[in-house]
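Heads up, the thing below is written out as structure tokens.
To keep things simple, chains are lettered A, B, C and D as they appear, and every chain counts its residues starting from 1.
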Amino acid sequence: MLSRPLKHSLPFSEGKGYIIVNYKTYEQGKGKEGLKLTRILEKVGREYGINLAAAVSPLDIRYYTEAAEVPILAQHVDPIGFGSNTGFILPEAIKEAGAIGTLINHSEHRLRLADIEALVRKCEELGMLSCVCTNNILTTKAAACLNPDFVAVEPPELIGGDISVSRAQPEIIEGSVEAVRGIAPQVQVLCGAGVKNGEDVQKALELGSVGVLLASGVVKAKDPEAIMRDLAKGMIRFEEVNL
Amino acid sequence: MLSRPLKHSLPFSEGKGYIIVNYKTYEQGKGKEGLKLTRILEKVGREYGINLAAAVSPLDIRYYTEAAEVPILAQHVDPIGFGSNTGFILPEAIKEAGAIGTLINHSEHRLRLADIEALVRKCEELGMLSCVCTNNILTTKAAACLNPDFVAVEPPELIGGDISVSRAQPEIIEGSVEAVRGIAPQVQVLCGAGVKNGEDVQKALELGSVGVLLASGVVKAKDPEAIMRDLAKGMIRFEEVNL
Amino acid sequence: MLSRPLKHSLPFSEGKGYIIVNYKTYEQGKGKEGLKLTRILEKVGREYGINLAAAVSPLDIRYYTEAAEVPILAQHVDPIGFGSNTGFILPEAIKEAGAIGTLINHSEHRLRLADIEALVRKCEELGMLSCVCTNNILTTKAAACLNPDFVAVEPPELIGGDISVSRAQPEIIEGSVEAVRGIAPQVQVLCGAGVKNGEDVQKALELGSVGVLLASGVVKAKDPEAIMRDLAKGMIRFEEVNL
Amino acid sequence: MLSRPLKHSLPFSEGKGYIIVNYKTYEQGKGKEGLKLTRILEKVGREYGINLAAAVSPLDIRYYTEAAEVPILAQHVDPIGFGSNTGFILPEAIKEAGAIGTLINHSEHRLRLADIEALVRKCEELGMLSCVCTNNILTTKAAACLNPDFVAVEPPELIGGDISVSRAQPEIIEGSVEAVRGIAPQVQVLCGAGVKNGEDVQKALELGSVGVLLASGVVKAKDPEAIMRDLAKGMIRFEEVNL
């Protein structure tokens, strides 16, 4: 068993690894272009039987959930409720639009500690998945104390780069997995930053994570389908060898 | 002629006044509930031949533009471009989703001066309407220098309250209109904060504004359609008397 | 023994409890007025042999450290280094000015998780005391993972109020103390929010904290010296009964 | 006459040009090192009879005003009043500490439009000098509407670089001067970004500014005194030729 059960019933297969693709505000990841990409994820996900999700712009959440069968995450939500909050992203609204959860505290959208905690609680309340992003072992440990579903460790200096964290700094993944296990074993660790291919995925899983969070490696790729297949194969290889 | 031509070709009638309804993150202004409200705006707008627009959550922009014929504005956009900007609102993306423009610098989402200027330029470049919100005469004057389509003056202490700015502080509207006329006559002034009924609208237009920006008065009303009709009638009354 | 040793050699007595007074930007807590207050702290601290510190404006750090013998903390530092950071507070600069440490993430100045972690590391590197403020048990636990000297728990709704957290929500202090003990026993818990008198102090210590962080209760008091004495006596009473 | 009278009585000579040195958080610009630099400014200012000021860290405002006769500005103040504002910079407090004014909205510390306006008002109320930094002609025009004493135009891409704005983009200075003259002739324009030597100063004045705002060119120089003399000579040359 690679992954453990989640807090809520969500469209993922227990025991399978995760690949979460963050579309950011890349030109290829929004509107019609992003829908093509989402259909590729849908196809590859079905073919390989792995857990896939896309973290997309609030503008596209309803669009993609209606047009493709890929679990959709928000990239960010704001720590607000119903009311006078012009231009902020309401957790309840991403749920109604079809998102099954959200990234929280992404490296490009850091949040205050108290707000991260409040958002994890809000996700629990709404039956949504929470994935808190962190930058090193200590912040991973801190985030795990807040009891999200996932913590995704991404050393900022490796994000968007050509070397995956699982190769450049494997000790960060191992250390994060170990730290979380000791403190909040129900929280699962994802490996972010610089993941580019199936070998990176395999390595990330070997270090104890249950999957990867990646962005440019897929979204800006010339052939995203080929990359997605390669990532999926890395996951399958790990499962064949280790499980 | 109440209003003047806009920079770009947009679905508004030249010479007519404006009512912009900000849905904020009110429960009644999102998803399916918000769609009902948008259909009310559509109906009243057609009936009275006035310029109506709704400023909605990014989650609902595509939804409402596809389902109703009301010009949709974003409530906020971020001063970013294509790229690594997880969880931010890309101006190009609100356009693709169907928005015809955006509020900028709303009282609940204040922006830095340099970012306001950059966003007004971006709206010009994308052929979108820009409406910069301000809090007093001097900031209105400053905003007008940046050459948006509209400046909406809203003294923060009156927002969401029961007394409209056109009654409580008419000198702010008059002073804003006068200041803008002297410095950037192509920029049109809207009157915000506390607008509740047709009399408030009429008064706002008499003070020299070309329309109103309001929120709770419509969105949280027991009978939004009745309120919308009353607002529209106030505008018609002004036109009958003054034009 | 009430308190445990700190990471660095600092002007505090091991085993004694702490009273930290936050001067905020109260009129009575800045410049000459604040100096009078600091001299009261000096006097009461000497008299009762307890650990006192004042968290003051950056404008007054050097002034007070030169004029009085009370350990001075900054109220905030920015996560920056030497360089092009106009108008930010450099950790190295508060040290040179005489501060022995700093509050981090105060309720009125919340910080991002990654920045809290970076600032605790910076304090360690500079041999300075770090006191991270938090709002509930889970954020206290998270903050303790970052290994500061102190975590000060302050439910925001009680800050500045008339009821101390040790009375209104004793379970938050107890829960925080217990959570920290299990995860980072070297980190010491302070009790903030609403502390007004010696009884509150005594109660806070009984719940397992090593002292209190307070502000208006002292700074805005008609007779700050009387209040300081009362707080000190509460601490002494606790020591007599429990140690 | 190079410069015009200020709103308040301040230690500057009417008619003379200005050199404002921003110490940022450079190692050479804080504490004891910064005091040496301040004494150099004092010396050169006296020798050449020009208007000099230093914009320094809040930690050093009282220190430098007590130890040297150079007008001291804050690098930033927060839009707050007396009260519960832990870790923020109170305008009243910089005044009590000896500052004669403040930079507002520096490129490294951008502020919201409404806050810039509120801070300019607060400076007026306290009899302090306000210098609003901007990034292009339109934001300069907007800032001038708020009626500060100075607007300092600094295209961000030139800040800290080797080419002064007066050489790289003279049209920005000329355009700013012209825009401000038409709208708020009492507001004076300073030229920032990349100023390195006396020729840059001379050029900046020829373009219509009344002085320069610079940082690294002086603070990080091997021989700040030589640079300061060169800057002062550039100003004198301009005066000899033009006045």
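Just so we're on the same page, a contact is a pair of C-beta atoms (placed from the backbone, for glycine too) under 8 Å apart; a residue touches a chain by one contact, two chains touch by 3 or more.
In this text the structure is predicted, and so the values were computed from the model without any measurement.
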Hop count on the shortest chain-contact route linking subunit A and subunit D comes to 2
Counting C-beta pairs in contact for C-D and for B-D, the higher total belongs to C-D
Looking at Cα centroids only, farthest away from subunit C lies chain B
Distance between the CA centroids of subunit B and subunit C (whole Å) is 46
Whole-angstrom distance, CA centroid of subunit B to CA centroid of subunit D, is 37
Residue ranges of subunit C touching at least 2 other chains are none
Pairwise touch list, complete, is A-B, A-C, B-D, C-D
In the complex, the residues of subunit C that touch subunit A are 105, 110-117, 134-136, 138-139, 141-143, 145-147, 183
Seen from subunit B, its contact residues with subunit A in the complex are 22, 24-27, 30-32, 55, 57-63, 74-76, 80-90, 92-94, 96-97, 103, 106-109, 159-160, 215-216
